[in-house]
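The following blocks contain the structures, represented as structure tokens.
Same chain, two partners: chain A is paired with chain B first, then with chain C.
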Partner chain A sequence: MNDRTSALKPNKSAGKSLLCTLPMLLLTFMFMSGGRPDFSNTAQFLALIITFAGVNVLFFLMHFTGKTDRYRAVLFIVFAISLSFTLISNMLETRSSMSFNQSDVLECRIPFCHLVIPMMIIPAAFTESIIFPGSIIGGFADIASMIILWLTATIVLGRGFCSWGCFYGGWDDGFSRVRKRSIVKKISDSWKWMPFAVLFMVAVTAALTLVPTYCDWICPFKAVTEFEQVTGVESAVKAGVFISLFAGLVVVLPLTTKKRTQCSFLCPLGAINSLSNKITPFTVKIDKKNCTECLKCVKSCPLFALTPANIKEGQVSIFCSKCGKCIDICPNNAIHYGIKGVPAGTRKNFSGNLYLFVSFLFLAVFSSGSIINTLQKLLDFII
Partner chain B sequence: MKNIKLIAGIAWAAAGLLIIIMLFPGLGMMSRKLATLPFMKINPNFSGGEVGRQLVSPVCTLDIRRPVFDGLFSERRKGFVQFDWRGKLPGEIEDSIDYDFDSIPDFYVLIDTKESTTYLKALNPAVKDINVSAATSYGWALRVNLIRDPSTIPPGEL
Partner chain C sequence: MTESFILGLSSGSACLVTCGMVMFPYLMAGSAGVKRVVADVSIFLLVRLAVYLIQATLIWYLGQRIITSPILRTWVSGSLYILFAVMLIWYSIGRKRNKECPAAIISEVENKRMIPVFLGVVNSLGFCPALLLMLTRSSGEDSILQCWMVFLAFFAGSSLWFLPLPLTGKLGKKNIITTVGIFATALAGMIFIIKGITIILGGLIYE
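Now for the complex of A and B:
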């Protein structure tokens, strides 16, 4: 078990990687198809098969090549795009518009997302109610299911949720990978504390007004999901803010800095998830014996989770989303997924395989619904 | 101590694996359990509040909800009351409504459901103006802004 010299990358044993993929094949098949695939709808069946095969090929490649971040990002970005596609097509089918209107709010039919959670905690404690016009249970993206999914993933993965579960993160992750080199080289990492300020601000304003203020006024992802119908000056200002923040924090800044700027500088849920890194069993470890302090990992970290001081200490900061980019880039194999309590540099393969299995299983199954839906709609269009 | 930490860490990680495997098959059951908790209900500011009285006519019914002034710690000075017309609506809804059930009409409303226009005349100083008037899947919904205790507010603020 004590494999200090060997590491997760590269495995180069196809048989071993295939063996590790077998449980993933079985579980993803069970969870995606419910154990009983529906053969009656050709497009749906094909979409299921393509998604099932795709995620398992990615998992195999992740294991075989040892490149975690590269293959995680493929599924993560596809998830973000397909979820937006599913939401928008659903809105267009049912409402002929990407915007929701007053009757959707009055009838509590707005899809719930995990970004509302930081704002609903204080009102839930004091008023025993949820300040969101959505469905408690049943229907598309109901409140109870989304809370369970986020809570479970956050307890197990910590801020890993931001790189293995958040269906918005794929947008700025995707844009941060478009350019080979960054244009803006220097960007102060003290901005990474900003989400805590945003968290405080939205939690307090939401509690005082009993309105989810972040969703109402700030959320950049309204631009790629659904937003309030523009009927006056206020809703026009809101739409302007959503589009500007999306363009600035999710497109332009990630393109120029190669960092996930929305996740790093704005997301209030990211702040909560950072704190949950304290309870999760998994972490990223730096083996100081192998580290030459080349700082390639510091430069590549998309969430400012690594600083030269962290490298010296041999510990990543609470901002780490366990995306695996630093692990992929380290030339000395000094960074690896680890388990708390297990010393750095030991049981690398065991810890890495266990973390990858847990996190990838969550991402694969969580994303499969919207990917299958998107593929089915595209196949319906083609066939 | 190191061994205890090591075993505890690996046990917690293994538990994490089991939790994620159990998550998806158990999601429905866990969501239903969560939905039964006391705080898992939509705030009246969004749901419109409880139905206080239902008036039934041959073509449609009118649900008069209880006024909502809910704040974080206590009731707010400003709130609203919601009315839902359900069923087959006429082209025009014309009504004098008594929302506080004191047998005195509180406002007069005229809704043109075809043109989506609403006219409201307050007959009670607590009634302020229209918050929302919109077609819904079940008929029509009207929210009227209210002031909890108009006598305590200076005339300029009303």
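Now for the complex of A and C:
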């Protein structure tokens, strides 16, 4: 497939793109530095400058070239790697190990991540308690701030959270881009319903056992964050499951299929986020007047969100994460970001700019902490 | 208990997918009102429970008498878990369901009033992989009471799917529900494969 069909011609003037980048420059500076950059620590200051410049260059290029996905992916992948680096280094500093033991669990020192949310809902409703051994507020990756961040992002972006906010998605997104062509080409469409089955299973098991079963037994990202200390057969089997799922769904399958298979076939939060696509004001629209049904978008969609039937209907499915890959690849400019209620093909620039500003700002602000932290540690090491 | 309930809950969907379409016309046949339908479903479920408890008692007795060595029990139990879990996955994803429901032979029954009873017996004697997993699980229990509780939990989980049977015709997006149910069953199979491996590796039959 020719990935460069829509060409890399700039579709806007540099001045106009710079003007669009100005509000992003101001806001990211405020969020990253808190308004008062610290000049006393050279490594920290350098890390801040590099992150600030990098993020804004990406946003500028997004505007200037009219390509969304390729620049989003850069930040998204860097975010995933830097977050794992931050988490691991934090754990090594505080516990001298990537694994946690029973005392960490009893003292609620486990960093919280958004993947726990599907398992918390039913127990929280019935027992008024949180079934995760993390700090509610104030600690590293505390529960309250993560839930607020996820909720806000999900209401505004819908499943866009999976491509603009999730700090794990960058792993399989990254591996899905390594090869130019896929080795496995035919995958049954019905597999995309698997996350709903996982959601059903983990929600029920967590409600019955009051244990976050997904984190306890399934989460592939335990392999790159933290995991239970191996003290017996059960914890060894768990570690085997985490590593196998990471190797299979995050590395091997994305490499061979060019799809984000962990996000498509496993993630229970992805299932909830898919449903939230129904309430978000933003969507991806297909302008049927310009569409020639070449199906390049269907082939390129990393989350199985587009089928030939969707193209005929002129509507993306609930699985769309608004990553922008289909928009970039469409040779006829028939796919664009849109606002619900506004007909396809109209107010493309306004909708696109609005969505990109909101989603990119979220990604930039959310990712900046871990990117700065990672860079600072690397600079400290070099200097 | 929780494990059994979850297995029942997840495999119940596949059971409904497999047998529901055969049973549905019989349970809903004619101009039967809601009372009749509720009575038929209740009889069907009660018979199913009774047969389950008889099976549980038998298998527990055999488990206690025949496999007395704890090491042998670990190996047999772990291997059976893996075998039946693989069967459960195959059963849920790989086969043509409509043709394989044991309840299909109810067309042979002449006395229509006996159909719910007959369905209950056939359904619970179907020896689907989920039931085989439960039998394996209960054979290792310490007491007959625990064994019955395991089966009660399995019965409760799987029966939830049969309760809205009269409403199935009105459900929208049946294909999606079916697909998610099938995947959930396969996931339950995966859980039991892992359990089987854990048992074999660690001799953890007595939790």
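Quick note on the criterion: the second predicted complex is superposed on the first by the 372 of 383 C-alpha atoms of A that agree within 3 Å, B and C clash if a C-alpha of one lies under 4 Å from a C-alpha of the other, contacts with A are read in each partner's own complex, and residues count from 1 in each chain.
Basically, a residue touches a chain if its C-beta (ideal position, glycine included) is under 8 Å from a C-beta of that chain, and two chains touch if they have at least 3 such contacts.
As the structure is a prediction and not an experimental result, all values here were calculated from the model.
J.: With the two structures laid over each other on chain A, which partner does A:L275 touch: chain B (first), chain C (second), both, or neither?
T.: Neither partner.
J.: Touch check for A:V156: first (chain B), second (chain C), both, or neither?
T.: first
J.: Just to be sure I read the superposition right, which of the two partners does A:M98 touch: chain B = first, chain C = second, or both, or neither?
T.: In the superposition, A:M98 touches no partner, neither chain B nor chain C.
J.: Touching A:L208, do we find chain B (first), chain C (second), both, or neither?
T.: both
J.: Can A:L378 be said to touch chain B (first), chain C (second), both, or neither?
T.: neither
J.: Between chain B (first) and chain C (second), which does A:I49 come into contact with in this model arrangement: first, second, both, or neither?
T.: So A:I49 meets neither chain B nor chain C here.
J.: For A:G232, select first, second, both or neither according to whether it touches chain B, chain C, the two together, or no partner.
T.: Only chain C is touched by A:G232; chain B is not.
J.: Of chain B and chain C, which one touches more residues of chain A?
T.: The partner that reaches more residues of chain A in the superposed model: B.
J.: Show which residues of chain A both chain B and chain C reach, each in its own complex.
T.: On chain A, the overlap between the chain B and chain C contacts is residues 208.
J.: If you look only at chain C, which of its residues touch chain A in the complex?
T.: 2, 5-6, 9-10, 176, 179-184, 186-188, 194, 197-198, 201-202, 204
J.: Where on chain B is chain A touching in the complex?
T.: 2, 5-10, 12-17, 19-21, 23-25, 27-28, 30-32, 34-35, 38-48, 70-73, 82, 132, 134-138, 141, 143
J.: Quick check: in the complex, which residue numbers of chain A touch chain C?
T.: Residues in contact with chain C: 190, 193-194, 196-198, 200-201, 204-205, 208-209, 217, 232-234, 236-237, 241.
J.: In their shared complex, at which residues does chain A touch chain B?
T.: 27, 31, 101-103, 105-108, 122-134, 136-137, 142-145, 147-149, 152-153, 155-157, 207-208, 210-211, 280-282, 339-343, 351, 354-355, 357-358, 361-362, 365
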